[in-house]
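Have a look at these structures, which come just after this line.
In the two complexes that follow, chain A is the common piece, with chain B as its partner first and chain C second.
Showing the complex of A and B:
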């Protein structure tokens, strides 16, 4: 049945698209280098449309699974990860992928755990909160703000927090040859990164198996089949065994009177196909993610650059470049780093010297958000989600209640901390890494699922306690 | 609703096509599945470092 959408919604949706078209055409007229930023913009727009269409949210996925036993979204996310794995394998096999694997160690699982608790508290993951902001959800906007401010502050904390740095980290960080402007001995995150994370192995499954990632066998057999398909299939089997099998078996036994081994396959398949909408969104997300890597690498070759910092410098915007002349330019989908950057830029304008830490000063910079490629992606993602929500009659301004606002701020803060410890969120830390055969992505994912479980259990306890109090007051 | 969505999808595809037009030729020049250099050479890390050192030098000279 066709949904009747108000004319006002259609005009707003077309207005948003027109705004991005004008930005693209106008900036291209100013200089062709802006094509690089436009690539981020239009892929961000596609991500927003896909996320909103598929209601693609990691927090909802695991909350639904653990709280009410509904596996649909969690299954859809795993399917999407496999589909993205396919497109990544193609790009990796060409040898032109922009993907960088992350250091692998237990830190990824711990960070995932903190992130997982946070996303359940907040009611949305990092990407979910962005697309829900595009639907006019005030709670999601608060979550995005909280993630941004927490990250920006967390990466620069020093002083008393330096006392919490293990001596081995401080000693190792001091040997990394960072310039004096970074002041690596002051800052918990700086010493965590340079003294611990950078010392961990950076590998992909293909390389663990003795294959090259940029070969067909390495990309497809190593990374895709073993590094993506196998762990995703194990998670799907776990979901089927724990949440789906029992009800499905009951249904089949009622209908046929017997449950055969083949029924397990049919049950498993029905679980996969039940999450059609999320899987379709996942398919388009996967294709778009792979295509973005391809386009960005092509543009880098075209313009003769390794990082957008060089493009910004050529365009005359050299404020906020890192000490290496770089800015955050992942070449693929990322969410949280650019959120830290815009607050970092604002804080710097207000007088906070935050360019003496590794995160801003050495790696990502704090370019003006108006010229930050990754910020173009996030703004367009919100726009893409808003367009889809408007055209499906799902856009509505929703102000947060006081209680939801508090949870949003706490959850956002935990997600911000988890993101910085893992060097990425549910997208950059899990989805992209896992789909590219990076073991650290799966470690983050395991931690995130564990964190979501703890978050759900805590919420159940909290709600029951609150209800008991209210009932007691009612009795009085 | 469907017409509007299709209009938007077509606009997105046009921009994607435009960007692909920029991105594909360097790949065709270099080839797939092997390393190589595009017609515009990437600067080495050392060259980039030198460039930025000079950039700040020029600024401080002014």
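Showing the complex of A and C:
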């Protein structure tokens, strides 16, 4: 397909890159601490370019399998997870990893299910909606807005919702020694977190096997081989067996007249290499994700900090720091928490006291988005995707239709709720955790696959109705 | 813009899903192809970049042939011959 890229596209792409360069140089001139934020920015830019180039969308992965039988993205995601697992294992073995595993229990799978339905309705996952915003897609922008507002409101719901809190959660939450400013007895999510989630085991596959995560055997044999490679390979085999084998066998039989056991290996390999574009993006994403952990940890050591909250305080921006003086600073790729933060910051400015909950007040804070490292990452991700889309002639402003706007708002809301229940989305809740040998990541992933299946069932019914109406005039 | 399906000429149909995001373009394409007979042509017009790979992979897998692919100003036009 021949594509002629207009000159104005190239100029816009150059303009976006120049904007980020000016921000970087200007802030560095103001203080070297800004390097910390710049690291987030440029990794975000790389993620955006990779995601757009590879059409990397977690929603597409299992939705397209169930909806149209296309395994391309599911395969790409698994390849990227394995590659990220490899770089993570290396970083873990050096002891420089910023990764922290999440509590593991059924809540991760339930949250994944809600998130999975939401991402199919919305037409993209949390990271997919960000990169599609960079393509000028108005529906994706609405999804991002919906995820942001829902999360920010959901983490602060109390009042009548307190009646839905099991007594055991309320009792357990009260024993956690949280300060009075958090008021843990008021808020459904607060009591869910402190009274249930925090009581669940936090572990990694290496530890389950009796190894240390920061040892070479624990990082490579425990977390990478057993915790990442094995489940990813099982999923790939499932995809091959259910969606690829039949058509591949048909092709081979037509060509050679016979299908041997060795052809299964060739068929499996052809599935892996089917989409060069997705695989290349997966390779770069995997390497960049691991490298970001390494760089952020290095910068923390250089500046003698454990969290960006200290850097912001030293720079004089102490508004919105949590009660512990911290802000959200994962040290790796994350999407949804910073989306909740910018709306949280806005709501606070409009007079809503949302610092009396665990999510904002105790852990993540609501710093000014202009100085929030994770927000720099997300804005740059949109920019990176825009540059890539512009250079391939794929950038196009698209206003959402009424139908798609409704799906975007509903889907975004479900993803927002799922993200907060799991403490992460398809990136922070699945991709990063699964690649680091955290079982809660795979539980979220299983839930997400189930949610995608339910969402596709619904969309099949919905589109069938519409197609029947459109085709009624034809004898088909 | 709403989804549009119309007959251009005998054995040649147009499916316009411009403005739709994933998964709509690929699902509508799949459903439209299922209704057509072998040898008939479906022209799909869409502007969601990621659907281009999904539709290509779907056709490759199902044996339907994409005889022409074009993209201009962010709008893709695929001509697909039903197997």
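Just so it is clear, the second predicted complex is superposed on the first by the 461 of 476 C-alpha atoms of A that agree within 3 Å, B and C clash if a C-alpha of one lies under 4 Å from a C-alpha of the other, contacts with A are read in each partner's own complex, and residues count from 1 in each chain.
Note that a contact is a pair of C-beta atoms (placed from the backbone, for glycine too) under 8 Å apart; a residue touches a chain by one contact, two chains touch by 3 or more.
In this text the structure is predicted, and so the values were computed from the model without any measurement.
In the superposition on chain A, A:93 makes contact with chain B only, not with chain C. Once the two complexes are laid over each other on the shared chain, residue contacts for A:69 go to chain C alone; chain B is not touched.
Within the superposed three-chain model, A:35 lies in touch with chain B and out of touch with chain C [touch as defined at top].
Contact with chain B, but none with chain C, is seen for A:21 once the two complexes are overlaid on the shared chain. Once chain A of one complex is fitted onto chain A of the other, the partner contacts of A:358 are absent, as it touches neither chain B nor chain C.
In the superposed pair of complexes, A:387 makes contact with chain B only, with no contact to chain C. Using the contact criterion defined above for the overlaid structures, shared-chain residue A:324 touches chain B, although it does not reach chain C.
Applying the stated contact rule after C-alpha superposition, one finds that A:295 touches chain B and leaves chain C untouched. By the document's definition of touching, neither partner reaches A:421: not chain B, not chain C.
Contacts of chain A with chain B, set against its contacts with chain C after fitting on chain A, overlap at residues 3, 392. The part of chain B that touches chain A in the complex is made up of residues 1-2, 4-5, 7-8, 11-12, 15-16, 18-20, 22-27, 30, 32-35, 38, 40-43, 48-49, 51-52, 55. Those residues of chain A that touch chain B in the complex are listed here as 2-3, 5, 10, 13-14, 17, 21, 24, 35, 38-39, 42, 45-46, 49, 93-96, 214-216, 291, 294-306, 310, 313, 318, 321, 324-325, 387, 391-392. Residues 1, 3, 55, 57, 59-60, 63-64, 67-73, 120, 123-124, 132, 135-137, 139-140, 247, 274-275, 277-278, 389, 392-396, 398, 401, 403-404, 456, 459-460, 463-464, 466-467, 470-471, 474, 476 of chain A are the ones that touch chain C when the two sit in their complex. Per the touch definition, chain C reaches chain A in the complex via residues 1-5, 7, 13, 19-24, 26-32, 35-36, 47-50, 53-54, 57-58, 61-63, 69-71, 73-75.
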